[in-house]
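The two complexes that follow have chain A in common; it is paired with chain B in the first and with chain C in the second.
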Partner chain A sequence: MVQATAEILIIISPFFFIGLINKVKAIWAGRRGAPIFQPYYDFFKLLGKGEVISGTTSFVFRVTPSITIAAVLFALMMVPLPMFGSVLHFDGDFVMFAYLLGLAKFMTVLAALDTGSSFEGMGASREATYSTIVETAFFIVIGSVGLLTHHSSFDTIFGAVNMAAAYTPLVKILLVASLFIMLLAEGSRVPVDDPNTHLELTMIHEVMILDYSGPDLAFIQYAAALKMTIISMLMADLLVPSHAALVPALTLFTGILVFVFVSVGAVESLIARTRISHVPQFLFLMTTLSLTAFAVVAFFLFGGIK
Partner chain B sequence: MSWLKISNAQAVPVGEIPLLTIEELRSQTISRIKNGERLVLLFGDKTSDGVVLYAVLADDNASRLSVACSKFPDQKSYRSITTEAPPAHLFEREFYEQFGITPEGHPWLKPVRTGIPGIDHSERQYEFFSMEGEEVHEVGVGPIHAGIIEPGHFRFSCHGEKVYQLEIKLGFQHRGVEELFVRNADRPIYLEKLAESVAGDTVIGHAGGFIRAMESLADVTISNRAKVIRAVALELERIAVHLGDLSALSGDVAYLTGSSVFGALRTKVINTTMALCGNRFGRRLLGLGGVNFDITPRLLDDVSRVVDQLDEDVALAAEVLFSSASVLERFEKTGIVKKETAVALGMVGPAARASGVAVDIRSDHPFDGFEFVPVHKLTLQSGDVFARAYVRFVEIQQSIRIMREQLGRLPGGELRKDLGRLNKDTFVISLTEGWRGEIAYVVMTDGEGRIRKVKVKDPSFNNWFALALAVREEGISDFPLCNKSFNLSYCGFDL
Partner chain C sequence: MFDFLAGAGLFLAGGVVSIFAKEKTKAVIFLLFAVAAQFFILPEIIATLLSGGYLAMPVYFSQPIGEASLQLDPLASLFALIISVGSFLTSVYSIGYTKMYVGKRASLSAYYFFLGLMAFSMLLLVVAQNAILFLILWEIMSISSFFLVAFENGKEDVRKASLYYFVAMQIGAAFLIAAFAWASAASGSLDFNSFTSVLSNSGNVSILLFILFFIGFGTKAGFIPMHTWLPRAHPAAPTGVSALMSGVMIKLGIYGILRILLIAKVPDYRIAYGVLLVSLFTGIYGIMNAIAQQDIKRLLAYSSIENIGIIGMGIGVGMLGLVYNNPVVAILGFLGGTLHVMNHFIFKSTLFYGSGVVYSQTHTRTMDRLGGLTRYLPLTSSMFVISSLAITGLPLFNGFVGEFAIYLGLAKSFSMNTLPMVVAALIGFSGLAFIGAMALLCFTKVFGVCFLGSPRTKYKSVPNEKERTLLIPMGILTVFMIGIGFFPWFAVMLVKNVVLQFMPVGSLPFFQEILPTFGMFSTVLIAFVGLFLFFLGLRTLLLRNRKVTVFKTWDCGYQVGSSRVQYTSSSFAQPFLRLVAEFVPQGIDIEKEPVLFPVGASLESHTQDLSERFVFRPLVAFLNKSLNMFSWIQSGRMQQYILYGLIFLVFLLVWIFGIR
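Up next, the complex of A and B:
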């Protein structure tokens, strides 16, 4: 019962976190800012609107929002909550997790190409390029904890990782930092992308969904927000001790989520977006961090990579 | 025959302007430009006995302008000046478009605004430069844009993210401004308002330029008080737009702190202009024969206080912006315009000064209150987005100094004089350093002292082509940033 409530809360929370980022940015800029629940109002406003579908598009464009949202929700089912574990788990589920997120992205890219717009084609090409870097690094992240715990399911990995040896804090810090970069990249946030710009030539994610309107746009925005929430949940899973009691564990878990999104807001307030040609350098930082974590684990487990 | 030497806003009888043959005008214009003079204007004027081509060149070091003309009774072509003097290139295109006289050998003879007579101007007919090849793609942006900005079409030829070539097509906002001046010559208030509306972001600059030309035609010298108030208004406009630009540049690189702080500062400045005349952009502040609003002692206190506070705030905000590594990474070495390019294109204003070209009308051909204070021509060498941003910051500081000096000893005098009748058959050219650069107004009267011809040149006319060159070999995603660093006017170009 509690687990079901928690899962439902997670499902409805993503827009709250987006509102939180915007609030932090507003405060930093000296503004009062939009209400923290504004993204919800926008979501329902979009749901009530009609749609314009370009005559040049095919069915791919139309099925993409549904597939995207289904894939991301499916992926959410594999991410464990502290104490409860995940709704769905099996050995190697993290591979399926990664490819569900990949499927969502693949469909968005296809839909962008489907419109035939030169802008959207550019956005699709950028998104596809950066994904190749992020996806690899993600497997190194999960590979490191998998190696550490000898498990291959999110559920058991995160349960075991907090019991492990003295050097785990170091590994955890590296992995959490790595996941934070993944969050910025997958969530299309500064310094990788600029969610607020109106300049199509500089956009990555936003430009791919330019042709969407009404409920389809609402779905896509929800899926994007949910994806960010999922990644931040992985960070919290790494940090919450598995032997804590239910209430402190859930409180800590929620606290970490809030902290992560406040940090995203702070990052966006303090630094400018990087040049598009330098984005891969930033993303390789994620690879470097995760590889370092992997090396540390390998070193302590096997006394070095032989 | 030697050219007629005049100073800024000095009216001369049209008959005194030396009439050369087109070959003489061509060769002398070329040799003067090669000797370091700057081409201010090259424009045609339709008279009863043929089209007359006027050339105005500036010797900035000597604060002198030279003017000459040539007549085309019936011939339909001449040898292009552009082939040897590139600054003429857009002027010749404009001349061709307006009068159908072909500059033979012009390398880029395309429509400027309305289209060439007899040729359809629609998007399908206009021939863009195009590239072909594997992985080369074209991106067309506009004329309708995502933000609330003016219409203009940008055609990029790209290889992946890299821009090989950009072609900018404007003219969507052509309103016939020059024609409107002539048609409404009897309605002085209309004329003032029209000049204020040539480019909405340069109200004081354009109004001042036109009004000074008119005053010179009527032999009216305005009071020193009016001169100083005009100079203060022009500097307020400069500060406000530069602050807005720094805010927008920060916004384009998603640097929230810069974008909000500079935006807030701009509001303070335009509110000061509003305190001065009731409009945030300074509309109706200037009038023919002087100014419409006085700076009262109480207002003087308020303005001085704002200026003092601004001085501190701008320094602080700029320190934060220009020391932020992530911002510098975006600004530096982006959209470089080399000095040779800037000179060859005849660039003006802060964009030219950021490339090391020392041109500033306030210093070279002083007008209004700038006759009383020295103005430094602030230049940087790198010619990138950083230089164009930084030059704005130092110009704000200089403008603050100028305002302090001017307000510190506000001279007396009547606010506004009656203009009376304009001199007959007279020619005048008035130059103004608007915030974007040199604004030129030529006004000519007929035998009855009525306005017969008005020629307007907004600095955007000089600088648009520089933007097209600046983004070559850059990433296409940096185009908006480069564009903003020039911040050129569409309607000022389209007229």
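Up next, the complex of A and C:
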């Protein structure tokens, strides 16, 4: 019962976190900013509208938003909540998790190319290019926790990650930092991408969905927000001690989510988007961090130091 | 066993009979034989696969083969399955495809004869257990496929490509001959089973032998750096043949490696690590180069190299599992490898068949000239997008199943208590993810550029799908892509006995341990599709009474856009290729008129294959130089050559009598 409520709250929450980022940025800039629930109003406004569809497009363009939202929701089911674990778990579920997100990405890239717009092609090309770096690093992250816990499912990995030895805090910090970069990249935030500058040649995610409107756009925006929430949940899963009692664990979990999104807002207020040709260097930082984490685990497991 | 041989014979008979048939009926006659062959072959191999039994039959040949045993075990059956079905599908496809050539200079008799011969030799190859018989069949397979590649020999580049292919195959065969000769000499018999004594020990001989075998078979399969023939031969061959070569024939290289492994029983740990790493590099290198290609068939050829790498990784993981005595890892590795053999056959054939439809309708293989084909070829494009998703390894379709098994095998290796294994597992684990992400880039490019958007150049005639025989093979394979994707349990059960052949006796419980995961897929994926349909329905419901305007693509207020401004395959790949410029060097030739107001200019970009540049060119240059030292032998005078012969005979006489 509590688990179901928690899952439903998570499903509802993504737009709150987006609103939170915007609020943080507004306050930082000295503005009052839009209400924190503004993304919800936008969402329902979009659901209530008609659509303008490009005549160049094919069936790919029409099915993509529904596939994206379904894939991200399914990925959510494989991410555990503290104490409860995940709704859906089996051996190797993280592969399914990553590949469902990959399916969503594949379709989004195709939908962008479907419009025949050079802008959207540009965004599609960048999205696909950067995901080659992020995807690889994400599997190094999974490999590190796999080595740390000797398990092969998100559910059991995160159940055991806190039981391990004294050097785990170091590993956790590295992995959380790594996942934070993934959050910025996959969520198309500064410094990888800037969700506010519509129509610029520097865009990645927003430019791919230029031709979407109405309910389709609502689906896509929800899926994008949920994807960010999912990645921040993985970070929280790493940090929340699994032996804590239910209420403190869930409070801490929520607190970490809020903190992560406030940090995203802070990062966006503090630094500018990097030049597009320098984005890979930033993303390789994720690879470096996760490889270091793996090296630390391997060193302590096999180096004979306890 | 007899049915199987009869079926193989029917393929050959079909090829022979079609020589005497009329030009227009050759295709149908060959197809009839191919269909009949299925009835003989399929029941027997499926029974072997499901029961795990062996069928054996001794055959007596004259010297030098002598007594040879033919044996149909699960491993042979799995490959026979894809050979038989693949040849059948290509014969269906050829009906429509060879229509273009009826009445032209090209010889359809040769096409069908060599198609039959190739199918026949491949089918017998997998049951042959005798070194000389195996090598003879191996050569027949290579030569018949050479003639098929050279089908359009009126074209200069086809002649070049087919000769390149021929030479590459002979080099590979030379390594195999050396390996088999050594193994036979050391074991004193030509029979495969007797090689166990030579191959199973961990001495230097067995490692060297394995390397020789790996180079020989790897040349056929397309492991780096011996892969260079694939991107040349595949575009040159007629599409049905490309599909057969890429989907089926290169897998026989994998078959050879697996057969040697089966003979060797437990591999040496160095070989196991070597196979895993070479395969990983093959995968990464293959897909990186695929991304750079502009010719669709060349791209698919490089992608075959990538998939051979993935299959090899599965085998490598399996071998490491055996080395470190971890049955679950070993089973998952071999399972992933064998499933991917089958899956790659299914989706790569579909992709090649699809590219053939595109070529037959637009007369170009250059992706930058295509675009917007979904409107003209709806069936082809929907099957093409499904196979693109499958080859990327995304869930819902069959490609995911094999890759999942390899991922899981690697993930389970993290709990082994061996540092090298753990590091290798991480390299494999993240490397496979890297390959997967690059495959996403590669196949969104192929499908997005060729089929989506609007045409980049005006098509000479309106492309259409009237030729249904081109679509039937793709349709059949698409059913399997979806079927295996949603119900992988069946595919896993089909290869179960193949996997268990590699395992020590009593490994069945470990196999049963991993089965539920694959059973779980069906529920998860069906629920996923349900959720997708729910949202699609919701969208339709929301838009029911609203205005949906069809307008042109948003062009940022710029009114005079044309379809030429769309992203092309080269521009789509450019950001990635700049990241990996060291590994996929791009050459750009610019020609400008050196005048103040130039009228014409041209720009041509092409990629260079590192392996050709750094391995084969220097090697050939070295051979040319060193062999030139003996050029004085070649005087061109007949008398001198007769003298050589005489000297050789005298030498032979002295040698023989000297020994007695």
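Criterion: the second predicted complex is superposed on the first by the 302 of 306 C-alpha atoms of A that agree within 3 Å, B and C clash if a C-alpha of one lies under 4 Å from a C-alpha of the other, contacts with A are read in each partner's own complex, and residues count from 1 in each chain.
Please note the rule applied: contacts are C-beta pairs under 8 Å (C-beta built on N, C-alpha and C of every residue); 3 or more make two chains touch, one makes a residue touch a chain.
What you see is a predicted model, and the numbers here were worked out from it, not measured in a lab.
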Touch check for A:V60: first (chain B), second (chain C), both, or neither?
second
Could you look at A:V109 and tell me whether it touches chain B, chain C, both or neither (first, second, both, neither)?
second
Could you tell me if A:I140 is touching chain B, chain C, both of them or neither one (first, second, both, neither)?
second
Partner chain(s) touched by A:A160 [first = chain B, second = chain C, both, neither]
neither
Between chain B and chain C, whom does A:P191 touch in the aligned arrangement: first, second, both, or neither?
first
What's your read, chain B or chain C touching more residues of chain A?
C
Just checking: does A:A71 make contact with chain B only, chain C only, both, or neither of them? Give me first, second, both or neither.
second
First (chain B), second (chain C), both or neither touched by A:F119:
both
Mind working out whether A:S131 is in touch with chain B, chain C, both or neither, as first, second, both or neither?
second
Once the structures are superposed on A, label A:F294 by its partner contacts, choosing first (chain B), second (chain C), both or neither.
second
Need the overlap of the two footprints on chain A, from chain B and from chain C, as residue ranges.
118-119, 121-122, 125, 199
Report the residues of chain B in contact with chain A in the complex, numbered from low to high.
137-141, 146-147, 160-161, 250, 252-257, 259-261, 264, 324, 326-327, 329-330, 334, 475-481
The residues of chain A that touch chain B in their complex are 25, 28-31, 118-119, 121-122, 125, 190-191, 194, 196-202, 268-278
Contact residues on chain A for chain C in the complex?
47-60, 63, 65-67, 69-71, 73-74, 88, 90-92, 94-96, 98-100, 102-103, 105-106, 109-110, 112-122, 124-126, 128-129, 131-132, 134-140, 142-143, 146-147, 150-152, 199, 210-211, 214-216, 219, 280, 294, 298, 301-302
Across the complex, what residues on chain C touch chain A?
371-372, 374-375, 381-382, 385, 389, 392-396, 400, 403-404, 407-408, 411-412, 414-415, 419, 422-423, 425-426, 429-434, 436-438, 440-441, 443-445, 447-449, 451-454, 514, 516-517, 520, 524, 527-528, 531-536, 538-539, 542-543, 546-556, 561, 563, 565-567, 571-576, 579
